[in-house]
Structure formats: C-alpha cells, structure tokens
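Structure incoming, see below.
We call the chains A, B, C and D, going by the order they appear; numbering starts again at 1 in every chain.
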Amino acid sequence: MKFVARFLIVLLLLVALASSAALSLGQETETYGMVVFLKGSEFFNWAYAGMVDAAARIGDHIEVQLLGPAEWDASLEAREIEQLTARGVDGILATAGDAETMNASIDGAIAAGIPVVLFDSDAPGSNRLAFAGTNNYNAGCSAGEAVADWHGDAARVGISTFPGPDHLARRVEGFEDCLAAAAPGAEIVQIVNDEGRVDGAETAITAMLQANPTINVIFASHGNPGPGAAAAVRNLGIVGEVDIMAFDFGLPVLELIENGEIRATVGQNPYLMGYMGMLLAFGARHETGVTAGSGFGPYATLIDTGVQILGPDDIDPFKNPPTFE
Amino acid sequence: MHDMQILKSKQSDGAGLLQRFSLETLQIGGLALAIVVFAIIVQMNFPVFLSLPNINVMIVNFLPEAIIALGMTIVIITAGIDLSVAGIYPFSAIIVGLLLLAGAPIPLAIIITLAAGAFIGAINAFISNTFRVHPFIATLAILLILRGVNIIITGGSPVSGFPETFAIVGQRGIDFGTFLLRYSVFIWLALALLIGYLLRNHRFWRLSYFIGGNRRSARMSGVNVERYLYFVYMLSGALAAVAGVIVASQFNAASNSYGQNLELRVITAVVIGGADLNGGAGSVLGSMLGVLFIAMIYNAFAMSGISTYWQDVVVGAMLLASILMGEVLKRRRAN
Amino acid sequence: MRRSISLFDSSRRLRSSLAPARLLQNRSVILALLILVISIALSILTPAFLSSRNLTFVITGMTYDLLLALGMTIVLLLWGIDLSVGSVLGLTAVVTTMLLQDGVSIPLAIGAGLGVSALCGATNGFFVAYLKIAPFIVTLGMMSVARGIATVLTSGYFVSGLPDAYKAIGQGRLFNVPYMVYFALVVVVILAFLLRNWRPLREAFYIGTNPEAARLAGIRVALITLGGYVFCSMMAGTAAIFMTSRLSMGFFQFGLGAELKAIAAAVIGGASLRGGTGSIFGATLAVFLLALINNGFVLLQGSPNAQNVIMGGILVIAIMIDAYRRRDLAED
Amino acid sequence: MTPVLEIRRASKSFGSHRVLHDVSFAVYAGEVHALVGENGAGKSTLMNIIGGIHRRDAGEIMLNAEPIDPLDPWQARQLGISVVFQELSLTPNMTVAQNIFVRREPTSALGLIHWRQLNDDARALFERIGIDISPTELVGNYSVGIQQIIEIAKAISFDAKVLIMDEPTSALSESEVDRLFSIIAELKQQGVAIVFISHKLGEVLRIADRVSVLRDGEMVGVVNPSDSNQDEIIHMMVGRSLGDLYPAKGVVSDEVLLEVEGLSHPPLFHDISFSLRRGEILGIAGLIGAGRTEVARAIFGADRYSRGSVKLAGIKLDLKSPRQAIAHGIVYLTEDRKVMGLFLSMTMRDNIVSSSLARFTDALGLLKHRAIADESLRAIKQNDIRPRDDLLSMTSLSGGNQQKSLLAKCLSANPKVLIADEPTRGVDVGAKVKIHQALRDLANRGIGVIVISSELPEVLGLSDRVVVFREGHVSAVLDGDNIAQADVMRYAVQ
C-alpha cells in the first residue's frame, strides 16, 4: 500500500503544479503555428525568426510555435497540420515536404476556417490561401546566369542534389535552362545524389570530380552540398580550380565564401518568407467588411521573395542568425 | 503418504499488490495509469486536448503505427523483430498508387498491394529461416533494399492523383460536424480486436507465445517453427501494407519519404506496452496503449508550443523509464 | 566432429588453416577476394578509379564508418547492440564545436566532447550490464535522447567558426593522406592485436558466448560489458571530432542513420547478433567493400538511387555466404 | 503375447560412424523395461529412432504388430509412443495446462480455446497419476523437478501406449524420485509399456522388470533384475570389470581450510555452519530445494548472503563475485554444465583456461598463448579427456568428456577449495569412476573438496564426512566410514 500512497502524493503534486501553470496563461492570445519538413534546419530558423518578428510587430497577444519531423517525411508534416487544426490555432504557415502529400491536410485546415499560408515550398494542388517564397525556377535560373557569366561557353558543371523534393527539381531545371540560354556551349557533366547530407555531398562530389576532371563549376541545389563541395575540392587539392555556387547562407557557407573556397551562393530570403507569411495569415484570419463572404480577411495569393547571388561583399547581414529558446 | 507441498508452488500468504496480479496486468495497468495522469495534466493546461476532434486526430495520426504495431507485437512475441515495416509501408503506398494510376480497379489494387506486403514478409522469414540469421539482420537488409527500391520506382517525386473513390479508404468517414470519424479508424479497430482476441484465445495464434518462450520445446511439441515464422512475418508485412494503403488514400499521394524512423516508433510503442524482446510476452492491448501513449506525447507537444526539439528526449526517456519500471516490478515480484 | 578456431591458436595451428579449403572458410579472405574482384572490375571500367587520389579519398571517406563499425563489432561481440552510435556522433559533434565556438581551448573541447560520448556509452553500459535491460531498448532510448539533446542545444543551427588549428585535425595531411586515416589504421591494428592478446577483450568472447558461465568463471562480465559500450560510444565521438574538423562545422544531424550502416558492416565483417564472434579485420574489409561500391557507383555515374539496394543486397549475400560457412553447425 | 512395441534389427549410421547395429528390442504392456549402457552405446539414438527424431537406416518398428514409421516426435505421440527427452519441452512463460495441451487444446470449430475445459482436463490428468499441481500456474514458477513431472504428465496425456523416459531422474531429488516411481507404478497398472533409460543402476534395479544392455551400438543382452546384480550389469555395459566405483578414502589433516559460520539468506537458507578440512572430501546431501546449491553459490560469491561469515584458512572473506573467490582459491563446479559451466560453441582449449586466464597474463594484461596451449594439453592429458584435440569445439564432445573438461577448467584455476555440484550428472559409469578418482586425488594433494550430489551412494562412497541439508538448514553432520543411507535420508526429510 505504501507504494500506492507514495504514488498518489506525487500525482497530486503534479496536478497542482499543472493547474497553477494553466492559470498563468493569457486569455485573448492568438496562436499561429509554423510547420516545416525538416525540424531544425537553419534555413527554417531564419523563416521562423521572420515569423516571430512579424508576430511581435502585430502585438503581444500573438503566440507562435515551430513544428516538424526530424527527418524529411511529408506524411509526418501532414500530421502536424492536422494536430494544429484539431487544436484550433488561428493560422498555419507551412512549407511542403512534397507537392502532393499535404494537400488533404491543408484543405482540412482551410475547411475548418484556419488560414494556411505556404512558404518556401508550395503545395499548388491544395486550397492554401497564399504562397510566399522563392520562385525556385527563377532561383536556379539566376544561378545558371551567374555561372554563364563566370565561364561562358567553357562552363562544365556538376550538380549536387537529391531526389524527392519538388523545389530542388525546379531549381535544377531553371539552372539548366538559363545556363543553356546564356551560354549555349556550356555543359552539365553530371548530377550526383548527396542524400541531402553534407558528408554525403563530400563523398559524391569528390568521386564526381575524379571521374570528370573537366568540371570547373559545382552547383549546389540546396544548403548542404556547398560545404561538402568545398571539402571535396580540398580533398583533391584543386582549391581555386573549381568554382562553387552554393545555395542559401548557412554559416559554414558564409565562412567558406569569406575565405574564398565558395565563390558565391544563391541567397533566398527565408526571413521575409516567414515575415510575410505571418502577415498574410494574420490578415486572412481577420475578416474585414470588404472581404466578407470568403470567410477570410485580405491576403495576397503569391509573393515572390526573390533571390540574390551573394558574393564575399554581400554576406555581412547574415552572419548573426536569429536564436530563440 | 507423500508430502504434497513439494509439488505446490510457493504461495506467499501476505500477497501484496505486486503478487496478486500477473506481470502483464501490472504493466498494462501501470501504462494505463500513466496515460490517464498524463492526459489529466495536459488537459488542465490545454482544455482542447481531450476534445473529441483532438482525440480523433491523435488516433488518425498514429493509425499507421497502431496497425503496424499489431504485427510487430506478434513478431516480438516470437522473439523476432521486423525493421522492414518502415520500408514496406511507403513501398505499399507507392505500389497501390501506381496500380491505381495504371487503371487497376481499387479492390484489385489493394489486394495486390497487401499480397506484395505479405510477400516481402515471406522474404524476411525466408532469409531468417534458411540462413539462420537473426531477424534483425534479415529485415535490416530488406529495409535498406526497399528504401532504395522506393526511390527508384518513384524517381523520388510523389505519386498522386488517385481516383476519387479510393479516398473512401483513408479520407472519408462519418461526419460528426466537429470532426470526421474516418472509416480507416474502423479498419484499425476491427483488426486490433480480431488479432487481440485471436492472440488470447486461438489455438494457432497462441503458439507464438510458445515459440517465443522456448523455441526448442515448441519444435519438440511438433510445431513447425519455420513455417510459423513465415506466417508471422507475412502478417507483419501485410499489416504494414494495410497501413501503406490507408496512408496513400489519406494523403491522396505516396512518397518514398514516408515512414522515416517508423520502425523505431513502433518498436518503442510495443515495448512500452509490455512486450519482451526476448520473446514470450506481449499483448495487443498493451501495444495499443503504448502507441496511444506516444501519440499523446507528440500531440501534447503540438498543443503546448514547447519546443518540439524536446520531443525526442522525452520519448527516449519515457522508453527507458517504462522499461525500468517493468524491471523493478519484475524484481519486486520475484523477491 | 567440428573443429573451430581457438582464441588462443598458436602458430603451429595457423599453418594448417592456410590450406585453400580452409581459407575459404575465413570470412576475411572472402571479403578480400570480393574487394579484389570489384577493384579489378572498376579499374577496367573507369581509369579514374586507380588514381592514388581516388583511392586515398575512398579510404578517407570510409574512416567515420570504420570507427563506428569497430565499436559496433566489440559491442556485438559482447552479445549486445548499440543503436545510439549515430546520435552520439551527432551529440559529440555539437558539444565539441559549440565549446570551440565559445572559445574553449581545443584539447579541452575535444576532451569534453569525448567525455560526453563516454558518458552516453557508460549510461548504455550501466543499464545493460548492471540493470540487465535489453541493449536494444536501452540504446534505442539513448538514440532518441542523444539526438534530442543535440537538437535542443543547437536549435538546429550549424555550428561554425571553428579555429583553424582544430580544422587541421581532419584536414591536415601527411604524404597527401589525411591524419585521420593513419589514426584509423592505428586503431585497427591496435584493436586487432588487443582482441587477440589482451585479456579483457579475450574475455569478451566468453561473455558474448555465455555471460552467466563467464561470470562463474571469474570474468568481470559487468565491467567489461560497460567498457565495451563506452568504447563503442567513444569511437562514435572520435568520428564526430574528425567529421566536424574535416567539414569545419558541427550539425545535430551528423551521423543520422549511421547505426544501421555500422551494424551491417560489422555483421558483414563477421560479427553475429548472437554474440561471441567478431573480427576487426573483417569489419574493416566490410567497410572498405561498401565504400568501394559507393565510389564505383559515382564513378560509373550509376543511379545513386540504387545505393541502398546494393547495400542491402551485399548484406543478404554476406548472410548467405555465412550460412554456407556454418552449414555443418547444429540447429540453433 | 505380442509386445506393444518391438524393434527389429534396427541399424543407424551417422556418416561413417555406426551407432546402432542390428538392434532388436521389445516391450510388453504393463512392463517397465530399463535400457542401460555407457554414453555413446546408442541408447539415445535408439530412442530417437523410436521417437521419430532420426530415421533408421534399416530394420522395423512394430507397434502392436503393425509396422509404423514415425516422422517426428509429434507423429510418434499421435501413434501412442511418447518420449520424454532429457531436454524439457516446456516453456516457462505459459501455464501448466497450456504447456501440456499445446496444439491439442479443446477448441471450438473455429479454433478458439475453451479455457475452463483446458484446465479441467489438466486437473483430471493429474488426478489420474495422483499428483497435485495447479494447472493455471506458470511453469516457470515450478522447480526443475516438478517441471520434469509435468513433462511426464504431458507425455502421458497423449494416451501413450508406450512411454519412453530418458534419464528422468537426473534432476530429481530422492523424494521426487519416489514420487515418479509411484507414478510409474500407477501407469504400469494401467497397462502402459514403459522404457526407462538411466545411468543410476540402483534405480534401475529397483524399478525395472527387465533390463536391456547396449554396448557400442549392439544389444549385449537382456537380464532379469531379480537374477542379476549391479556388478554384472556394469560388466555387460563396459565389457570388463571396473573395479571399485569409489576410490579408497584418504588421510584427512586436522587443519581447517574453510569455515562457514551462520550463513543465512532467508528464505533460501538459514544459519548454515560447517567446516572443511585440508585433504577432506565433504559430502553435502539433501533433497533438491534444500538449499545446497544456494549455499555453494553464496560461498563462491555468485549470489549474496545476508548474514554469517566464510573463513578461508582462518581469514574472513567478504566475496562479492566469483572472480574474487577464484582469486582466493575457491572454485565452484556448476551443476548445470551446459547453461552455466561451458562455452559450448568455443573450443576445448578456450573452455579449459576460461577460469584461469589470470595465470597466463603478463603485467600489461597480454596473454601468453604458448603457455595457454601447453596448459590445455596438460589438462587434457591429466583428466583423460578424449579425443585429445583441444581445438575441437565443445559441442562435439560426449557428455562425460564435457564434464571432464569442466572439471579441468576448475582445476586449471589452482583451487584450494573445490566445490563440486553434481560432478557426475548425466555421465556414464566409466567417466564417473574417473571423476571420482580425480576428486580423491585432489583431496590427497591437500585440497579441500565439497561434493554436492543427489545420488546418495555417491555422497556416501566418496565423502569423508557428510553434511545433510533440510529445508535450508543443516540437519546433521555425519562422520565415519559407515554412514547408513537410511540415516542420511532420515535427516534429509524429517
């Protein structure tokens, strides 16, 4: 019996603790959730920082939270959206792990009257209200044009990417098209699978460079292969002979741009995606007289947050990424 | 004439709580208690937690885990393990999707997919039986192969655009206004009740405990252990395929990304539910409670806004805590 | 009658084991033959393969996997399993680099990182050896916990801004070969020597074969088991030091999925999930074989999607070869 | 009268090794027929052929004059031939009733089990053979001895016409043996034909109606116990006279080597005190479950005890592990060689030195392989282990040689005190004699030897003094050359 008594005391303590915590909660708060397909990606932290800042700008009563699976799995992301819907949050910002899987969940949230705004990666088949993000084709295109600018028809390019996410496919497509348009003599020599990882990229790119010594440019279609490509070039002792076009501005990428191992990176604007996404969701949440009828307030359906090619001179603003508890 | 008490087991007269109930009852009872306590605490902070719509979401979200856990429970009872479910699950979602896109009638597509799942299970059993390797290794090999196959047959992008009626399996349901009770929940319930009942009461299904408890003696009792393991792994594979079909219908899409770490979530749930990896112990009720417990933890994170970074820490700690509890119970009973 | 290899085979016995028929019973020989065949095929198919650069690279790239596989071999030998190595790698990477970022001196940061990995291993070992809880579960829990802590610590950020002297550990070279390759080779040789000659590691064979009999034979079962898990985790920690130094960053997702690869390599190399067997050279050759296949894939511009299929396929083949080797063994 | 079971000219070879040659054998209803022979004589093979585990190469098996051909033990049991193997076929995690009726549970047409009827059936079965075991208790909660009886009940439940038991008493205490024999008598009454395989000739003579003796795969003869004696049977078994089963007793010094005082660990044992002198063989007798093994393990540091002390040569020891015990020179030979004694998949050499590695290690902890090889060869020669190839896997050795290896392993640790728990369990007569001699040689070299045995004649024949255990207490310490078996029994049970 002692066992049971002790257990009951602990139980009571826990309950008391929990209820005091409940009392301290505010009352008129609005909650917005951000759902990403790779929890803890630096890129999405920038986006979340934008969301946090926009929420603070709107007012103290806005609460935000970040959710998402630890490994790339769109079905787990869909689950998070369903959970937020059941909880009845005031708005959801989501980035689609793949273009199709989340449609039903997004539509479910919209049907429940919760505004859903996509950012970074769109789910065009869903009823989502708006999308704020990079036009990935254009992003790839900018990179392709920059590479054409560097080497012209002499460009021999290796691309590092991994199969699956739709936005990566678009970037590669944009890259190929615009490179071909700007420098018809340029050539895509090989595309390798980096499995989405830095060390995977190192392994794959090193082998690629050995098999194809003519390669003089590496295009990283997402954030991780940039440092992997730099390590690969270092491995082979050909630093300076191969130009690397990285993607995004993770700290390791910035560092490598500073010391010259990476020539430039395609800078997206995740902060703006989160910031605009939050504003869009908030706007949609609050109906005005004019928008009456749709069930949602005013919002823009498509916002291109743009890219810029960042060289050594452009990276200072990104050196201090946001942090939060 | 003969002193009979030698033949009686030690019956302690002052039997306490620990002695009065079987270990299984204690473990399941403890888990149920933990679930109730946890639910009360979360509920006090977030009143929406125990609302019907949220409970519904909790169940639907962990439906694949729950269905796969049914098979895993039997696998673990026979002292095996099946890692390949995390490969079969997306594989069958993709296969049913591709079949539907190719114009196969829905029932046929589903049947073929379930058969494919069972077939992969048979391969697991074949490798493990024929080459006498631990099922961990056999199913690991199949998991690795399937992950690659899944990427190859989809080219890495999701398969989607299934016929409207296919949505019945995983999307449609009974509309209660505030929430939609999906038919897939009934599929799970039916499977859980059926398998749970058979595992308790059916002569053939109960052999799994015998095999897991003492494989040699099962052999000596004339059980064809190898053939039985075919049955067990085929069942596990087929159930993973059921989960795959449901998820394909639910999302109206199928991608090779599905099922990351699924095998570990399922094994965690089954073990929290009282199954013994050494075989011979485990129950459907326990496993389902284990899945529920994990589902509640995940949902509470979505509820609370506490950084989900803590999620893994909490789930891992829960696993260790529940095992420690079970071990403590076992030892206190033994003394 | 079945003869087998004694732990204490002395040289006069070795000669008879060099007979061709017996050679094929030796897994390391089979693996070496496979490696030879694949190497010849690759060098015919692509000239880039045999370049010293490429070979250096293959060996460099396999170092992390090798360290993990060595640790896993010891744990499997002890009739255990360690699912947490990948997560421990991630956690060590994060802890070490964060300390460096905060200006902690390099030896201290490395020491702390290795200390954290040792602590993870000791926790695993304590639960397994002293509380007698199934290693699968213990390390599965640790897998979640360690990865979770790494995530919490970094909130998902890359950790960068590491001092150059630290980067030199992984990036520095001697005769154009990175230091870490020498390190790994030294570990392999020492470990192989110790596994043959050092009492605690010899005793590991007894423990893995029959833990209760080992205890009654006066072997320190719990302590050696604990040590095995600590060693395994520290191998993961060491891999983390090299990885962070080489890539100039720390990231909580380092080592994701590495545990399955390590188990596969150790098993292909001769370890068994039933304990009591394991080979350092076997594991080394297995890691090399897998690295070669990966390399060949990229060199031949094969679809990288098939890599997993090949890895699983090799595992199945290894299982079959092993079954053939053990065909005269009694049931279970 | 036709025999229930008849084997006609059965032969069996494994590879080139002939294990049975032209063996004929018959059992009649209501007869207890003992089958004896040294290990390797072919008893197990003969039984395996009848029980459906092996296929014979030649010959016939007749059941009630009909030829039969059982393919597996299950089929044999369906035919009415139940074999109780030494290895139990029970699983600890299920109840007694579930174990007995596995695959034969009373079920509905759909295969759903009628639980109540299942337990009632088990109860009825126990009633039939006159024992009281709860059908709903988990088998794992019962001792090995009772599990053996459950196993026999299971065999009988097949409506066995022929019941074959392989060493059924090897794990039983004397009183459990009595229990078993009364069950056998009961079955005999009911007309079951019983084949009883045992090394314990005393038991054989007590229960058997006829005794068949096998040697080297051939049937050497059938004798009637009433016109024969142990010596004659042994002679038939080994083909020669063995001389004495027990070596001559030696000279015991007065010096106390090991002193156990007030050792307690409730509820297993209470206030155990005895002493062991240099050069003495101290026997410990008692029923299974009397706490003999538990005390031995506690002295050895394998399990804890709550009170009391153990002194070695006058110095108090506080042993926390077997390792410390071995370091002090106390060595324990386990009763369960397969589970707790040997590393079966490893070589003989690995096994022999497993307790004594410390002796072959240098300051750095590195092993001296040559010294290890020499030691193992020496031990093989000294203990006469066959074959003399120390790189053979332990699994390929006979039971007797496995047991000798286990003894060699213990001796290799250079013991001052050897505690031998059931040192001759499952060993044939020839090996038994050699083990007995080895134990006496040890004592003569000044080592203190404790022998725990459930075979009373062995305890008495071997020991200088006998400590009797009853229910966790020491009930008597008997001294002298002529301790009567009946005295020991009285102290053990009263």
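Here is the rule we use: contacts are C-beta pairs under 8 Å (C-beta built on N, C-alpha and C of every residue); 3 or more make two chains touch, one makes a residue touch a chain.
From a predicted model like this one, the values you see are computed outputs, not experimental measurements.
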Quick check on the contact graph: shortest path length from chain A to chain D, in steps?
2
Tally the contacting C-beta pairs at the B-C interface and at the B-D interface, and name the larger one.
B-C
Averaged over CA atoms, how far is the centre of chain A from the centre of chain C? Could you give it in whole Å?
34
Rounded to the nearest whole Å, what is the centre-to-centre distance of chain B and chain D, using the mean of the C-alpha atoms as each centre?
43
Multi-chain contacts only, two chains or more: what residues does chain C have there?
147, 151, 155-156, 305, 307
Please list all residues of chain A that touch 2 or more other chains.
39-40, 70-71, 163
Shared interface positions of chain D, touching two or more other chains
none
Interchain pairs in contact, sorted by label
A-B, A-C, B-C, B-D, C-D
Name, in rising order, each residue of chain B that touches chain C in their complex.
81, 127, 130-134, 136-138, 140-149, 151-152, 156, 215-216, 264, 267-268, 271, 277-278, 307, 309-317, 319-320, 323-324, 327
Going by the contact rule at the top, pick out the chain C residues touching chain A in the complex.
46, 48, 51, 53-54, 57, 60-61, 64, 147, 151, 154-161, 171, 176, 243, 246-249, 251-254, 256, 294-295, 298-301, 304-305, 307
Considering only the defined contacts, which chain C positions touch chain B in the complex?
81, 83, 127, 131-134, 136-138, 140-145, 147-149, 151-152, 155-156, 260, 263-264, 267, 272-274, 303, 305-313, 315-316, 319-320, 322-323, 326, 329, 332
Flag every residue of chain B that touches chain D in the complex, lowest number first.
2-4, 6-10, 201-204, 206-207, 209-210, 212-214, 216-218, 220-223, 280-281
Once bound in the complex, which stretches of chain B touch chain A?
16-18, 37, 40-41, 44-46, 48, 51, 53-54, 56-58, 60-61, 151, 155-160, 171, 179, 247, 250-253, 255-261, 298-299, 301-303, 305, 307-309, 312
